[in-house]
């Protein structure tokens, strides 16, 4: 816990990241810096490479070059299953709910990586739907319920760097609001969050900074305070 | 003596017991196959070859090093299991992302190789292995003479089957396994060493086959081709039970042993076909097998 | 044909092992309307769609299409009657070109789809119609692109073109804008509007701005049962709906446009 | 004259499957020994050997033999194990008028309904197998029988022959059970045999089916409970695999045994040196028949099939394999057969010391008489 | 509207590429036919006939695996049914001409295919494979037990007879050209099927079955047609094979045969028209070469190693890999 008190602690630093799926070159030199306790978003059109950025951090792409420092440790050559152990939690955009496990097993699945995760009771309190369906097969849940499950699952592990890919997708507005509250709470707890979002209205009030992506590159960094002044820019890139 | 369909009850109960014992072999073998298919989605055509290796290993260990039955019971599955892990690591892993049908082709080729190599070394007439002394003889149950060794087979098989079921369905390790096979990339992202898990699982499934092989060594003629014939039946058992269902494989294995045993009394010519008849009937009524989950 | 309601369900129920996902739903969809089905996650919307198209078998109740009972018909037969659905996850034929995707749908009307002895050249007479359909969704330049290579939004557009090729009387859309960027959302809204001309649309959607822009009638489901019905204004002001579904966002949506 | 100035012999056998050990690659060695001993040439014409694995498939056999005789100029085909393979091969040989010498097959139909003027059946067949063993056992007092039959042509033939011998000798067949081929577990059948109350349990099957059945019989104490086990077809390699512990006392009929006389021993010593195992009757038969064939070619100075076959029929066989063996007009080589009994562990001095020869079954008694033949070459 | 279609330059380009491709394929086929016509002058015709029979069998099988995505593990039953029917008719009734016997053999296996299909078609993946295997095992049992098949010994000495009562098939060359004609017929039928309106629906079903259903296609019926045709062609291959070898045996009905055709198809390239042909040629030649070589008793080992290498190194099969190679380097 002591690091997190340090201001400006660099939780994630990505420099000149290139990523490939087989022969297609998707990311062309990404630079990112996220400090402890910050919430930043990656914005961009479909196919801009936002999900790929998150996957690259998790070493889930074909190959990658450049540098990815997590908690000051270089991880570009680290095997995928060691990365989570550094306190990284990843929520994929396709949700990744396991059909062979029931809801509760799905929730309990990811090994805890740090001690101060959210408890099962708190999670059920947060998402009563999950409690109700806890013995159902994971993939029998409705689309939105699966989305909640995917999100809830990594909160339990105690990861303090969360990579969240389109978590509001397919959720009812009430739940989206609830998620916003959850994220705020997590931020208050000192967690670092990278959010990939289409729902700008959801992301805008939460984030400290926004990175705008296009064609596998970061084209702009916008601070929360600059949102109004850079509205034009957002319009051209996102069509908001 | 009372009769059922012209067969004395005593004979019939003897046949039921024998069927159950044979079923124990089917259960062990199909369990391994179900573990490998259920968790790794590998259609392991080399399963019969590993079964054979288990038996052969027992004989060879004894002939060359004087290793006794009890040691072989641990050592042979271990050796064959390690061999299986090698196979997984050097061959199957390379095609993990390809269609399942390729794992079938690869393991089929592998079975040809293993069987062929050992045929050239040991011939096909078979090697002999004596029943361990503790199990010599048997007990007269009134309706039949039950060799001690057969009693041991069913005991050992049931213990192993139950243990495996428990491990996979009721433990955390088991849930890692099940999840890892569905989406290994994501499991890696959760911090789990999936490749290692896969190797161990394959090794474990192979070990189960080899274990059955050791159990078989004293009672069946040990030849390099002994696995080929049983394989297709075991496949049928797994399918009837529901692909990938652990409990299904075990129960169906035992049940098929009994059905086959009864057929041997009433219509022996059809005893190796009856399982396929059952399979057709079951799949028509329950497309995913008796214990399979409907897709 | 000219009945007032295209689709009607009577006391429709679907139970999964002791859990009722769709609970006694009576729904009427008026001809020519764009009718939205909204509700919290797990309310049973997708299940309801699955019942209509027989991907699931109803436990109880009746489904009427143009006043004809279709409760016991099979999926394909229902499609042939004129009810076509889209899927929550985009459904295209990935290794066929966009044109071929649409053509496969058109082929069904030709009656020659079992003709395995005929040349595929006989299909070329469908090309113009297929091309026109692609044009209507803005995909004309992608006619010969293999579908896997299309972006997500374009796949959705293609799916819609295929659906329209069936000349359905009733189109069922499950979250048509899910996962799309804003531009794509706007385009799809336009598409649906166009598609709805002369047809009836029943859609599930969480994006309230889409719902408010498009829909004539809205049914709110919660826990499998109908909570309320009405136009957007009526529904969005219903306090129960606010609590169960919209939260305080309805206000925000209103502000946004 | 000899065609192409070369005598070409094709060796066709199962090299990799179930019948590998009884003929297989070692059979090829026996054939090569014969050619070598003959000097590698006949009347100045070189002797060439080609060989192929029939994979127990009549298709493979048929296409291989066809190619051999039609394209490669092969004069004689040796080996021939699975009966379906032998029948397929001899049909082709008949069409193109070449010679076949069947050494491995058991089916007596090969010189009965399937006889051709183009082949010779050399080593043994089901008739003496049934005849020799069954007769001996019935005469010793084993007069009630339980027959366990492999459910295919060979098993059926054997079963029929045995039943006839048993009833002809005053015994009864109490029960016949047919098991699928192959069967993995015999315990059920052994139990049926035990509860049948028959004095004799006969195994009308072969290979691993037989050895498995014998092992299981031992395990279930079949012989302890007073029943006699009779294996109708058992090769030396099978007994070797079973071991004298399991197989002791079993009676069987064989066409030859490596330790039966001086000639046999001498030849088999040379054989074991090359192969590491003692020869089966099939291996010896391949050697003997090849020698006999080559001698006939030499004598008649031609490789023309019918001339050579006639010459082979005209010359009796006297060698390490048979004394006074004669090839009949139906192609059957008739020679003395032997009733053997597997030694006890105490009697057996080494791993291959397996049989006591109990009785010699004279040739005329052993084989199906021509008077009963359905062969088209025999005028009945 | 029509003007717009012809205006689109990308469309023109696309059509032109397609046509070029078609011309290229036509040239390949023409070349192969010429090759097949002169082959018996160089290579032993019976061996070539064997290859053609198995190639036809594999082509039939591939129609199902490659174009419907169904793995049948029971195709041996059709091969054997065609073979036994034809063989039985020809050897029992002297009045039968080969073409009539082949026709009846093909019809018999087509009907059997209909039976199998009705039972199996609603299952998918491994379950489909297994139910076809099970049915084939039942058929196998029937053939073992029946007397008309000659049981384990098989049916031998089937007369080749005179084609249409005129051409004596005892002549290997006559036989060869007849087999070639049959093969070309079968191949052409599959080719046409794949490139027909029906073939397009099949492809759609293979790509996304629920979507095809929701477009109103009754997918089971489409699959059934493919299954029945595939069974019929497999039976045709069996019938012709029986006449070529003049025998029919249990080997044809054994599950190993079903396995073998899978291997041929996979090695050649699933879902490519020429793949199964190449695969069959490769496997048959290899087995032939190996079984006659000094390595005779290592046949299985060598075959096994080849399968493993193929899976590891050329998964798309020989033809599939070649296509990929040409796509990459010549486009």
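Order as written gives the chain letters A, B, C, D and E; numbering starts at 1 within each chain.
Definition applied: a residue touches a chain if its C-beta (ideal position, glycine included) is under 8 Å from a C-beta of that chain, and two chains touch if they have at least 3 such contacts.
Note that the coordinates shown come from a computational prediction; the quantities given were computed from them, not determined experimentally.
Under the touch definition stated at the top, chain C and chain E share no contacting partner at all.
Touch-path distance (fewest steps) from chain A to chain B is 1.
The chain with its CA mean position farthest from that of chain C is D.
Centre-to-centre separation between chain A and chain D, using Cα means, comes to 76 Å.
Work out the mean CA point of chain A and of chain E, and you get 51 Å between them. Our note on geometry: chain B versus chain E, Cα centroid distance of 33 Å, whole angstroms.
Residues of chain B in contact with two or more other chains: 116, 119, 269-270, 273.
Under the contact definition stated at the top, the residues of chain D that touch 2 or more other chains are 16, 20, 151. In chain A, no residue reaches two or more other chains under the touch definition.
Inter-chain contacts occur between A-B, A-C, B-D, B-E, C-E, D-E. Interface of chain B with chain D (complex): residues 8, 10-11, 14-15, 18-19, 21-22, 25, 116, 119, 123-128, 130-131, 138, 144-145, 147, 149-150, 219-221, 223, 225-226, 229-230, 261, 264-265, 268-273.
Per the touch definition, chain E reaches chain C in the complex via residues 1-2, 4-5, 8, 10-11, 14, 189, 192-193, 195-201, 203-204, 207-208, 210-219, 221-222, 225, 229. Residues 44, 46-47, 50, 144, 150-154, 156-157, 172, 241, 245-247, 249-252, 287-288, 290-292, 296-300 of chain E touch chain D in their complex. The residues of chain B lying in touch with chain A in their complex are 172, 175-176, 178-179, 181-183, 185-194, 293. Partner chain E is touched in their complex by these residues of chain C: 53, 55, 74-77, 79-80, 84-85, 87, 91-96, 100, 103-105, 107-108, 110, 112-120, 122-123, 127-128, 131-132, 135, 140-141, 143-144, 162, 166.
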